[in-house]
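What follows is subunit A paired twice: with subunit B in the first complex and subunit C in the second.
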Partner chain A sequence: MIRTLKLYGTLIGFVTILVFFSVQLPDTFLTAKNLINITQQISMLAVVACSMTLVMVMGDFDLSVGSMASLAGIVAALLFSMGYPVSVGIAVALLVGVLGGVFNGILVSFFGILPFVATLGTLTMFSGLAFFTSGGKTIFGRDIPATFSGFARSGLQLDQIGLVGLKLPYLSLVALLVLVVVWFILEQTIFGRRLYAIGGNQEAARLAGLKVRTLRLCAFAMTGLGAAIAGLMYASRVASANPTQGSGLMLDAIAAVFLGMTMSEEGEPRVLYSIVGVLILGILDNGLTQMSVDSYIREILVGAIIVTAVAFSSITKQSR
Partner chain B sequence: MLSIRNASKSFSGAMALSGANLDLAAGRVHALMGENGAGKSTLIKLLAGVHRADAMDVSLDGHALALSNTEDARKAGFRFIHQELNIVPHLSVAENIFLGWAYPRHFGFTIDWKRLEQQARAALLRLGVDHIDVTLQAARLSTGDRMLVKIAGSLVSVDGEDARLYVLDEPTAALSEDEAEKLFRVIEQLKAEGVAILYVSHRMNEVMRICDDVTVLRDGKTVLSSPIVDTDRQQIIFAMTGRDLEEAHPKRETPIGERIVCAASGAATEHIRDVDFELHEGEIIGVCGLTNAGQSELLQMFMGLSAVVRGSVTVAGQPAPSSPFEAWQRNIAYVPRERRSEGLMLRRSAQDNMVLPHLSSLSRCCGIAHSKAEETTAARLSSSVRLKAASPRQSVYELSGGNQQKVVFARALAAAPKLLLLDEPTRGVDVGAKFDIYSLMRQVSSEGCSILLTSSDLPELLGMCDRIIIMRDGVQSAPVPADTLTPATLLAQFYHLEAA
Partner chain C sequence: MLNLKSLAGAIVATAMSFAPALAQNVTVVTPYLAQPGTQMFVEGFKAEADGMGWNANIVDTAGDVAAVISRIEDAVTQNVDAIVINVDPEQIAAGLEVAREAGIPVIGMDSGVSPLLQANVTSNGYAMAAETSVYVANRISGKGRVVMFVFDPFPPVQIRGVIADAVFGNFPDIEVIDRITPDVQDGGIADSRAKMEAILAANPEPGSISAVWAAWDQPGLGALQAIEAAGREGEGIVIVGIDANPQARDAIAAGGNFEASVAQDFVGIGKATAGVVSRAIKGEEIREDVIYVPTVLITKANVGE
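And then the complex of A and B:
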């Protein structure tokens, strides 16, 4: 009974939230339009949470993802404003993400700095860089090409499956793609197996012949790339880039992974569970906004849910 | 003095203890033996009040005693010295001794450090220990001294709560021979004070030497309970395993090869030097000495874990590997000393643990994991090491110590090793699992694999090894054929290498 509750508690909570909003918002919540809308709203968070899972599998963190997302947006927008084509702007922004991740990885695995401390440092650095390069201003309007901002506004037409007039936003598709890729990496590749082994016991993994440093570095690089992708998605969606626009992503992403961890039997992060965490946060956001609940209340609720879920799973762990 | 009747306890349906009995007498050392999983730990935890028994009648001096929590056990005068020593490394010895008890104070207010140190010293002296400085940081003590400190700590008592019973759980597992000797003297001292001692150990020699009585558990039941003088090794082993172990150490049946697999000449690392020997195909060389005399480091040198700074070390004609990664690539396999911290990912499955170094060779292409191959390999390995687990999918955390060690062993075997480095492979492992491990060593050796083995179990070294190397303060002695040695001569050489 306790075991069931432990494993499915978070899932039960998720369903409860769904039912609650369906009852409270009978006309607007459980509609195809709103659900599709939710997938778009959570797409950036989903990308960051999926890539955050890669490092959290090893027991590490990356606190710099939020400011990396902002920085990537700024870099792309700056290049656009200087007249570079969209493809170049995107490529350079993604490269910045990878390099930032590699930098985190070097600090963590080669200098042996605790991920918490190292990425707290780079959080500040990336954020400072974003402010410095943008001059602290939002880049918007004519500087952002229509092809770039148009991406977030378009999607796959869903007429053929009976949802006339609706489209599945490209942003949701990107998130889905990232999810599939991360799932494949973690669950189907040797690389993923090794990341989990490092999370299980880093020293044992090293003695068993794993190149722990390189592996950690790669995982951090991927997380950096994920953050940059999310930053570009954000910039496209709001058709502008601002040096603080990604900052909310980090805490929510870690929260989502933690929520997911409570669902796994071994207490390990699993990317599919991380997505459930993202859905919980996203649906709360969507529903509470529709009920015009104060956003501060939403924060209190989200915090309480995380604490409850994690506390519950650790209590049941102790009573074994 | 203390009598336990019908102790029973089950964990989620599995009976850990079913009606075990144990009688302890004041001033006597009572051995508690049994294979891993026989219920020893459970019985101790019931005594300590950590778990609540499903059924158990305990009487102390003829009065019924309830043990529902750790406080009850403490009040009854039970003291527990665990395998894993929980000392606080950055506190002083004196503070560690007083941990959990009220520090002496000036006027009940500020801590009276002088008196604290005095009382700590007195507690150590009661054990006949005068070589430990109580103001020293506990981190700087040897493992053996830490254990003495822990015992001294349990001697400190608050009013009217004198210790009546000491439970020592595998106390010598991490001790060198000389440290163990010190501990035995302390045990004599405690006996003389009239307390009862429950001594849990896998080591037959120790038990025969220092214990007065023995109780053997098997499958949660008491199968033997007798004064030591009325029994013998054979009978105890039979009681533990339910079968006769004719030969504790299987004999070599195939000759040692001619080819030299690894060679060291004048080699030195940061902590060891003058390493000079040749290991032949299929040969087993034992590396021994006092605690931390450089045995582990010698093995690590071949694993790429400690760099060779002088001299030459070759494995299969090539220089020693520079990293564990390279070592595994070159079919050098390693069973590290600390299976929990260095060997295993405890929360992960036996399968994940076994195939970890071999993921790429099991993959069909492009770094994609081949789950089927991993499963079949794990299944094959499990059966070849005779792993007792519900399935290879079971988490290692749930396995007994002996089976955990078999998982680490299986991982090494899967490398089809040319050189196998075993650092204390049977520490804390029960008799049956030990025998399985010995048989596996013989088997791989007969297939041409050379083995370097460290062990603090001298009969094991003499029984399994062809030649023995003694390390003393990081300096190696010339290899000696094992059949010319006895445990006594070996021990003597630990101290007086030059006399050899």
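And then the complex of A and C:
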């Protein structure tokens, strides 16, 4: 019984939230339109949470994802404003993401700096770079090509499957794609199993012959790439780039992964569970706004839910 | 989790029990609620909204502009009667389009002009510049040499300079000896001070500079520092700014060269926004894209109020 609660507590909480909003908002919550909306609203956080899961399975963190997201948006927007085509802006921004991630990886795996400290440092560096390259200004208006900002406003028409007039936003599709790729990497490849092995016991993994340094480096590079993808999605959605706009993503992503970890038997991060964490956060925002609940009370509730879920899972773990 | 659910329910129920039945639902979305100006907008808006019995929901996204779009989508799903925004409309066009499709009016509270908004309620930059430039012209009796600090790259400040140019140009005996665009990287005070020091050095004769007109407060404060550092505060150089920020108010209260600035009526903008929302909810066609709320000239006489 306790074990069931431990494993399914968060899931039960998630379902409870769904039921609660469905009852409170009978006409608007459980509609195809609103649910599609939610997938778009959480898409950027989902991408960051998925890529954060890659390093968190090794017991590491990447605190720099938010400022990397901002930096990627700024890099792309600056290139757009200099007249480069959209494809070049996107490619360079993604490259910056990978390079930033590699830099994090080198600090963590080759210099042996604690990820918390190393990525706290690069958080500040990336943020400073974003401010420096943009001159602290928001880049918007004519500098952002319509093809780029239009991406976040378009999607696949869903008329064929009976949802007339609705479309599946491209942002949601990108998030889904990232989820599938990360799931495949972590759950279906040897590379993924090795990351979990490092998370289980780094020393044992090394003694077993795993190239721990290279593996960690690769994982951090992928997390940097994910952060840059999220930053581009954000910039497309707001049709502008600002040196601080991604900063809120980092803590929410870590919170989502933690919420997900309470659902796994071994207390490990699993990318599908991370998505449940993202959904909990996104659905709370969506539902509570519709119920006109004060935004500060919303914050208190979200924090309380995270603490409750984690506390619940650790209490049940002790009593097992 | 069950306890949590009942806690959530209790909080939600408390929050909702204050809402009168069948009241109009108006959602205000801003990423900037932590800023004093925005707080005063919201304070003014809330006061009016409460008076009209609306259920006003204030949503702060803590600096997250993409979340503003999400919360507008939620308000549209909730089918509110009107939405108020306090953020650049261009950045949240995706959300405004959703509201337009649903036929829900969106009103800007000092946000910017956009065809996706019913109207934007703000202060009149032209009028503010007219107030201070006419103040300068009158103080120097329509005669003298004036230094202007402008910033044409930023449209809201550029329009202030245009008006001051026109006012000074209308006085045959007023000569604009310099029209300076300070470097604003450091906030505008330090570079303006350096520029003013150079002008003072180039015009060493007492009385050779009659006034400094600044398009916002910071260059005026920089000019004041330069004049005081040069020991020329006794020459009667009149300095004016715009915005009436706390530092400018202190300078005005001190009774030195910095004599006047213009204050926006933030609470008034919030109240006027509620008025526009009320008109929009009634289905009235709002012809004005921009609705201006009067500003107040701040001098030593009223700086303490």
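Note that the second predicted complex is superposed on the first by the 320 of 320 C-alpha atoms of A that agree within 3 Å, B and C clash if a C-alpha of one lies under 4 Å from a C-alpha of the other, contacts with A are read in each partner's own complex, and residues count from 1 in each chain.
In this section, a residue touches a chain if its C-beta (ideal position, glycine included) is under 8 Å from a C-beta of that chain, and two chains touch if they have at least 3 such contacts.
In this text, all values refer to a predicted model and were calculated from it rather than measured experimentally.
> With the two structures overlaid on subunit A, would subunit B and subunit C clash, or do they fit side by side?
On the shared subunit A, the partners fit.
> Quick check for you: in the superposed arrangement, does A:N286 touch first (subunit B), second (subunit C), both or neither?
Second partner only, subunit C.
> Of the partners subunit B and subunit C, which touch A:G13 in the superposed model: first, second, both, neither?
So A:G13 only meets subunit C here.
> Once the structures are superposed on A, label A:T53 by its partner contacts, choosing first (subunit B), second (subunit C), both or neither.
neither
> More residues of subunit A are touched by which partner: subunit B or subunit C?
Residues of subunit A touched, subunit B against subunit C: more for C.
> Using the superposed model, measure off the angle between the directions from the CA centre of subunit A to subunit B and to subunit C, in steps of 10°.
140
> For A:S127, decide between first (touching subunit B), second (touching subunit C), both and neither.
neither
> Using the touch definition from the top, say if A:S109 reaches subunit B (first), subunit C (second), both or neither.
In the superposition, A:S109 contacts neither subunit B nor subunit C.
> Smallest separation in Å between any Cα of subunit B and any Cα of subunit C in the superposed model?
Least C-alpha distance after superposition: 25 Å.
> Note which residues of subunit B are touching subunit A in the complex, please.
Per the touch definition, subunit B meets subunit A at residues 303, 305, 323-325, 327-329, 334, 336, 341-348, 352, 356-357, 359-360, 363, 367-369, 395, 411.
> Help me check something: in the complex, which residues belonging to subunit C touch subunit A?
1-2, 4-5, 7-9, 11-12, 15-16, 19, 25, 27, 55, 57-67, 69-71, 73-75, 77-79, 88, 90-94, 97, 185
> Touching residues of subunit A toward subunit C in the complex: what are they?
Those residues of subunit A that touch subunit C are 9, 12-13, 16-17, 20, 24-25, 28, 31, 33-34, 37, 40-41, 44, 135-136, 138, 140-141, 149, 152-153, 234, 237-240, 242, 244-245, 247-248, 285-286, 288-297, 301, 304-305, 308-309, 312.
> Give the list of subunit A residues in touch with subunit B in this complex.
188-194, 196-197, 200-201, 203-211, 266-268
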